[in-house]
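Heads up, there are several structures right after this.
The same subunit A turns up in both complexes below, where it pairs with subunit B and then with subunit C.
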Partner chain A sequence: MNPKNKLFIGGFCIVLIFLYLLSSTNLILHDKKTEILPISVIVEETSDEDYEKLRKGMDRAAEEFHVDLNFITLYQSHDQEQQLQLISREMSDGARAVILSPAKPEEAGIGLEEMVLNSPLVILGHILPASQVMAGVSIDYQEAGRLLGKAARENPKELPVYLLTEGLDYGYAREIYDGIRHELAADAKAYNTILCTINSPEDCRSLIENTVYPQKQESVLIALDKNSLEMAAKVMEDSTVYQENIRALYGIGDTTRLLNFLDKGIIRGLVAHNRFDEGYLSIEKAVAVITGGYSEREELIMESYYITREELRNPIYEKMLYPID
Partner chain B sequence: MNSVKSSKKRACHWIKRQTARLGEGSIRYSIFIYFTITALVAIIIIGFSLYTRFSDQLTDEVQKENQILMNQVSRSVDSYLRGMMKLSDAIYYSVVKNTDISEPSIGSQMKLLYDSNVDSLENIALFSREGELLKAVPAARLKTDLDVTQEEWFQETLKKTENLHFSLPHVQYIFDNAEGQYHWVISVSRAVEITQGAYVSQGVLLLDIRYSSLEQLLNSVALGNAGYIYLIGDDGKLIYHPKNQLIDSGRVQENHRETVNWRDGIHEEIFQGEKRFVTVKTVGYTGWKLVGITPAKGISFSGVKTRLFIVFVILLILFLLVLINYYISSRITNPIHELENSVGELEDGNLEAEISIKGSYEIQHLGRSITSMAQQIQVLMKDIVAEHESKRKSEFDTLQSQINPHFLYNTLDIIVWMIENEQKSEAVKVVTALARFFRISLSRGKSIIRVSDELEHVRNYLMIQHMRFKNKFTYQIQADDDVLEMASLKLMLQPLVENAIYHGMEFMDGDGEILIRASKKGDELLFSIEDNGLGMCPEQVERLLTDTSHVPSSRGSGIGVRNVNERIRLYFGEDYGLEIDSEPDEGTRIYIHLPVVFYDELTAEEMKKRGGGKKGDES
Partner chain C sequence: MKKCCILLINVMPAAVYGQTAAMLQKWRMDVEVKRIMGWGVFIAVIGLLAGSFILMQGKKSQKDPEKTSIRIGIFLYRGDDTFISTIRLALEEQAKQYEQETGIKVVLNIEDAKENQNTQNSQVERMISLGYDALCVNAVDRSMAAGIIEAARAADVPVVFFNREPVEEDMHLWEQVYYVGADAKESAVLQGKIVVDAYKKDPLSIDINGDGKVNYVLLEGESSHQDSLIRTEWSVQTIKDGKVPLEKLTGGIANWERSQASALTQQWLEEFPGEIELIISNNDDMALGAADAIERMGITEKINIVGIDGTPQGVQGLEKGKLLGTVQSDRTEYAHAIFTIAASLACGENPGESLDFVDEKYYWSSQKELLRE
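What follows is the complex of A and B.
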């Protein structure tokens, strides 16, 4: 056997050994192991009751992507500082990613920039400038505001439009507010909008009461957040006088309680979006960031819909508003 | 386009070149390559066939398994729905029918049936034809402002009163629920007769099946690694799908609108570029279709490691075949190669070379044939040489048997002259010498004679020439006694002496001298013929021994110096022959080298060779 042949056989043997190691052992090609990814979700409320639909989407994605989901609520609503502390705690406890629904997005942005984070963040809302924030899953809040404003324009311009909020700093109330104002100021004669901050049901009751006594003044209410909307709806539900005097109540939100109010006719119209998809997409993005298949910062904008009582049972919205488990 | 054409051309050219190269290569190379290519093609064909066969078989098996599983699930769903239908029957025929609606037992029995099926049932409700809620379990009230008669399921039920109606999954809106809760249900409704006192009126019995209970039946079923099942209504709308929500929001696509038109059985489809097997099974009464999806890649040997293992097995077999081919080709070609080397030696003239006879029968036979051929060549060559030698000897013998007629004529002329001049005694001497000369020349046809006879022969010749040339030269013959009985070639000295006389002395001034000596020197018999004639330059000496165009002188015996040399070599071998030492005007000395062989021994050996039968000839 000449040296060339020996070299050929030697090379062949090496290739065979390499192929054997590749195909029959775990030395080179490792069998894909199912890795459980711990991901924490921090919301801005003290209860997860209103996040049922979001959670369904998240649970579906968690099942699909093998995620160990940790859903965390606050001790006090809208406590941005606590949210930041929870982010640090969760990351140091081993969360591979954190999904945050910021209580006060501006404050959150500032706070996150000052923090050193060792895991990526996905925001349920607009993406924040901090480098560790890799994605945002959001709706166009100004557009949502415009939808509400457009709905409110069904009412006469003489009626004052009360804009109810827990605070423009909370969530994306300011953007919604801007959207409503933009829509209601579109005509030559603008609607009279009054911004009202309500921190409790009493505040809300007092506000509505003032439209009846001492002088009865038909009004239109638009809630910029779900809590304000729910408070207003509850106040109105208790009194037919209020229901008669308040020409229409609009708002943003899609909790089942709000849908029931819509079904009962207390709320005239709601702006909602697919919360199931929002939850699913946020987990999907977080997993993509963790597994490295997603390196560019991106904000996903979801569509929002204006829904009335008549459309409540429209099959188009049925699964969006009442997601199946 | 051009580049593709040129690539094709290059590829064709390469294939042709390699084929030509293969044809020109060694047998081992050709056998090795042909065997390996054949084996490789066979492996690929067999491998591909087996792969296809196993893959198809696996697909069939999986499909059968899936079909069995689908049948089981279908039976479960069917059984579940039939259970609900039986429950509806039980409520109607055992509780409601023929019982006055005001009877409290209706409510309690309905409650009993509800409690026993609480995991599957959300509500049981009985409505009048006008949509009034007559009974409800658990206790519930209709939503304010809600007109049940406008509900689709209500209208459908009253339209076809003989049927049980299954709705698609929907959120149950009609009842007031606790805040923050909603329920997905499948409504089973039927027209019933309601007894109110003496009157019997029509109503609707509603059973709301919990969607989650149906979901539980289906969501635990998986077809293979990535397979799943889903349930569609007879209009193609989804009833259950593991990704129902995502399909509804458009994030995931499913082919259910097409599938609804398919018959029961196994179908293949390409959906979103992916091949998949679709098993369709209709579920009993409802006409719903249970659809099983099995992606083809989940069945076949599609894993990277599996594919690498297949490549590994093919290469391993190929490797073993290469080694076996190498061994076989070596076994076949090594004997051929050795035979080729032997034939090469034969080509180089070594007919004694050992011929390799190894390997298979045909090659051994070839080796034997070549050996036989070489032996035959050897025999033929020996025969040719012998024949050639014989022919040469015959020629020389013919030459030496012919005495130049001029020599005889001149000698006789001298004799006549001597007789006329009364020199009788001189004439007698010459005649005697001539007679002896011819006697030795003839020697009964022998070529080898004694040294004494050869010397006697040349002496007679010299005597005749001495008289003829009137004592123009003198001669002397000296021989050691021990050489006289040795063997010598006949007519060996005479041509050389003749040359000395005619070419060395004829035109020379003064007396010539010729000295002939015979002695033993070492293991050689040495003759020397020395004259003091004109001598020769080296070119003349060279020409004398080699020039074949030389024409014998009419005065001489006709036997040239070259012939003498050749005859000596012919009879005694290449080691013997003439050696000429001559210089112009200095004379010439010719040495004759012969082996020391005694004449008697030589003749005895010849006698032996000829054998006993020829002994008579000698005598």
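What follows is the complex of A and C.
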């Protein structure tokens, strides 16, 4: 073999090796590395089953913004202490931001002020004054309460209005309560509102039973949270007597079960929010905070909608309540 | 070249000779240096290749000896399936229990494929790319599990299938593939036994019109689901073996869904007025759908309905007297098995140490009959 050929074969081998290194390894050309942002979301319930729409929005944003989402539920519903512990745990485990839907907003605000946070905190659903909060996607629950109160005003003033709640300290119940009271007390002759704490389905059943026996008294029910609303709707579903005696049941929420109750006519009207957008925007805001997009606290308030059975098939609400993946 | 140089030296005068010899010496040295350098480069390239290969292998086999957190992806074929949603809740409970008992943080990411295999495939790919430690898959199309297994194998992420059993060939594609389910034959035999026992106790409770034959209709699950075929076959066979004089009026596929079953049953009730005495359903949701149709049509004559799964809604149906009986699969045990396999594999442990497998890959959850009191 002449030297030229040797040189050619040698060169060819080198080119082959170079091409191999180029195509199969990261030694020469480095892949553009996309930074994945770990973000944790802490909610107030024990299961993520009722957060379907919120998660859809979050998942969409997570794909768009290269976020590794960790959706965390609690060992016990509304356990504010655990939520605060989880914030610390997630931040020390490397979460670049934490999104929190506080179980008890007031307690959360106090607890957060005492904490030193390593990563930004974004609040979901509430307006928290805590200085640690970098951004928030909030809902004006007083406005939601006013919408419910306004709807309840279609009933005669003689009927007592029972306000059902798991407790005013939980979630957004107090704000809704204030909104309803404000609306129902607007006229000269105010409605008779009775606040009832419901801790179990049995509590709810006995409350509704009491409107029928021993003395029949037509009533109006407004649930201040989705769990109370679901309990009341379930009790009413089982009995036509209750359905006749309870003039109307109103509440807040948008889970599939609640929408089915609305569709069946057991719930008269629901206040709902665009949960998909809420989820999407919370991730977008968290990413913006991580990447230094905001110089000061950024807050966005979502709109509340009052929806009746007739409006359930309205394309605008349909898109909002049944978002497609 | 070398020969030419030697020839040239031989014919040169002595003065030039010394100079040329020195040049030749330098040239020789240059050649030698180049040769050494060439070998050096060659060895370096080989070394580089070997190094990168070893590095890649090392990365593959590297296992975290002490895990402080595990990430498990759960993939559901349809999140609104009643049975699947009970398993989902039980899995969440299992994860929390495990976290409290071991102190190992569990990241559980639950995805709903909404009956779309392509969606599920991309969900699986995403979790693999995010570095999840184990995958629990309730496959949309059980015959398409090979793609998921191959993707998981390439990333060395173990897979636990549940409820929708992949074909045997796919199950043996990789040793890190497991299946958790309820034995369909056992469910069907128990369902049949509910009818047989009731008939033996009081024939007229099943043969309602007392004509010596029990007219039944059959509600079947998806035709592509392994359990659907087995449940149908063995339930009817068990009832026949129990000497109940069965006579089939009709049957149809309601795809495990309450609404579809309700529509089908209404159609049959109109087609066979007063004739249907027994409704055998492959699951509780369809059984409740049949009860809905009976209620909707205002039929007051007794029609017995039997289901399978023992979902909370099914049990409620029993309590309200809508169903004659159901077969309950222990959802806590079911979810415990899925979670234990996934968590053990994620931590590099052998799940066989805590669970008993059939054929090293299959775990069958226990079942029991539930009757209307």
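Throughout what follows, the second predicted complex is superposed on the first by the 291 of 325 C-alpha atoms of A that agree within 3 Å, B and C clash if a C-alpha of one lies under 4 Å from a C-alpha of the other, contacts with A are read in each partner's own complex, and residues count from 1 in each chain.
In the analysis below, a contact is a pair of C-beta atoms (placed from the backbone, for glycine too) under 8 Å apart; a residue touches a chain by one contact, two chains touch by 3 or more.
Predicted model only: the values in this text are computed from it and were never measured.
*Asks:* Applying the document's definition of touch, where does A:49 land relative to subunit B and subunit C: first, second, both, or neither?
*Replies:* It touches subunit B and subunit C both.
*Asks:* Quick one: is A:323 in contact with subunit B, with subunit C, with both, or with neither? Answer first, second, both or neither.
*Replies:* first
*Asks:* Answer with first, second, both or neither: which of subunit B and subunit C does A:202 touch in the superposed model?
*Replies:* neither
*Asks:* Mind working out whether A:106 is in touch with subunit B, subunit C, both or neither, as first, second, both or neither?
*Replies:* Neither partner.
*Asks:* Classify the contacts of A:19 with the two partner chains as first (subunit B alone), second (subunit C alone), both, or neither.
*Replies:* In the superposition, A:19 touches subunit B alone.
*Asks:* With the two complexes superposed on chain A, say which partner A:263 touches: subunit B (first), subunit C (second), both, or neither.
*Replies:* first
*Asks:* Under the stated touch criterion, name the partner, subunit B or subunit C, that contacts more residues in subunit A.
*Replies:* Ranking subunit B and subunit C by residues of subunit A touched puts B first.
*Asks:* Go through the superposed model and pick first if A:75 touches only subunit B, second if only subunit C, both, or neither.
*Replies:* The answer is second: A:75 touches subunit C but not subunit B.
*Asks:* Once chain A of both complexes is superposed, is A:27 in touch with subunit B (first), subunit C (second), both, or neither?
*Replies:* Only subunit C; A:27 stays clear of subunit B.
*Asks:* Does subunit B (first) or subunit C (second) touch A:158, or do both, or does neither?
*Replies:* Touch status of A:158: no partner.
*Asks:* Using the superposition described at the top, list the residues of subunit A that contact subunit B and also contact subunit C.
*Replies:* 20, 49, 52, 256, 325
*Asks:* For a test of understanding, state which residues of subunit A touch subunit C in their complex under the given definition.
*Replies:* Of all residues in subunit A, those touching subunit C are 3, 17, 20-21, 25, 27, 36, 46-49, 52, 63, 68-71, 73, 75, 89, 93, 256, 325.
*Asks:* In their complex, what parts of subunit A are in touch with subunit B?
*Replies:* Residue list for subunit A touching subunit B: 1, 5, 9, 12-13, 15-16, 19-20, 22-24, 29, 31, 49, 52, 56-57, 60, 255-257, 259-260, 263-265, 274, 276-277, 280, 313, 318-320, 322-325.
*Asks:* What part of subunit B is in contact with subunit A in the complex they form?
*Replies:* Against subunit A, the touching part of subunit B is residues 143-145, 169-171, 173, 177, 179-182, 184, 211-212, 215, 243-246, 248-249, 251, 304-306, 308-309, 311-312, 315-316, 319, 322-323, 326.
*Asks:* In their complex, what parts of subunit C are in touch with subunit A?
*Replies:* Contact set of subunit C toward subunit A: 1, 45, 48-49, 52, 69, 79-80, 85, 88-89, 92, 96, 100, 105, 107, 109-110, 112, 114, 119, 126, 130.
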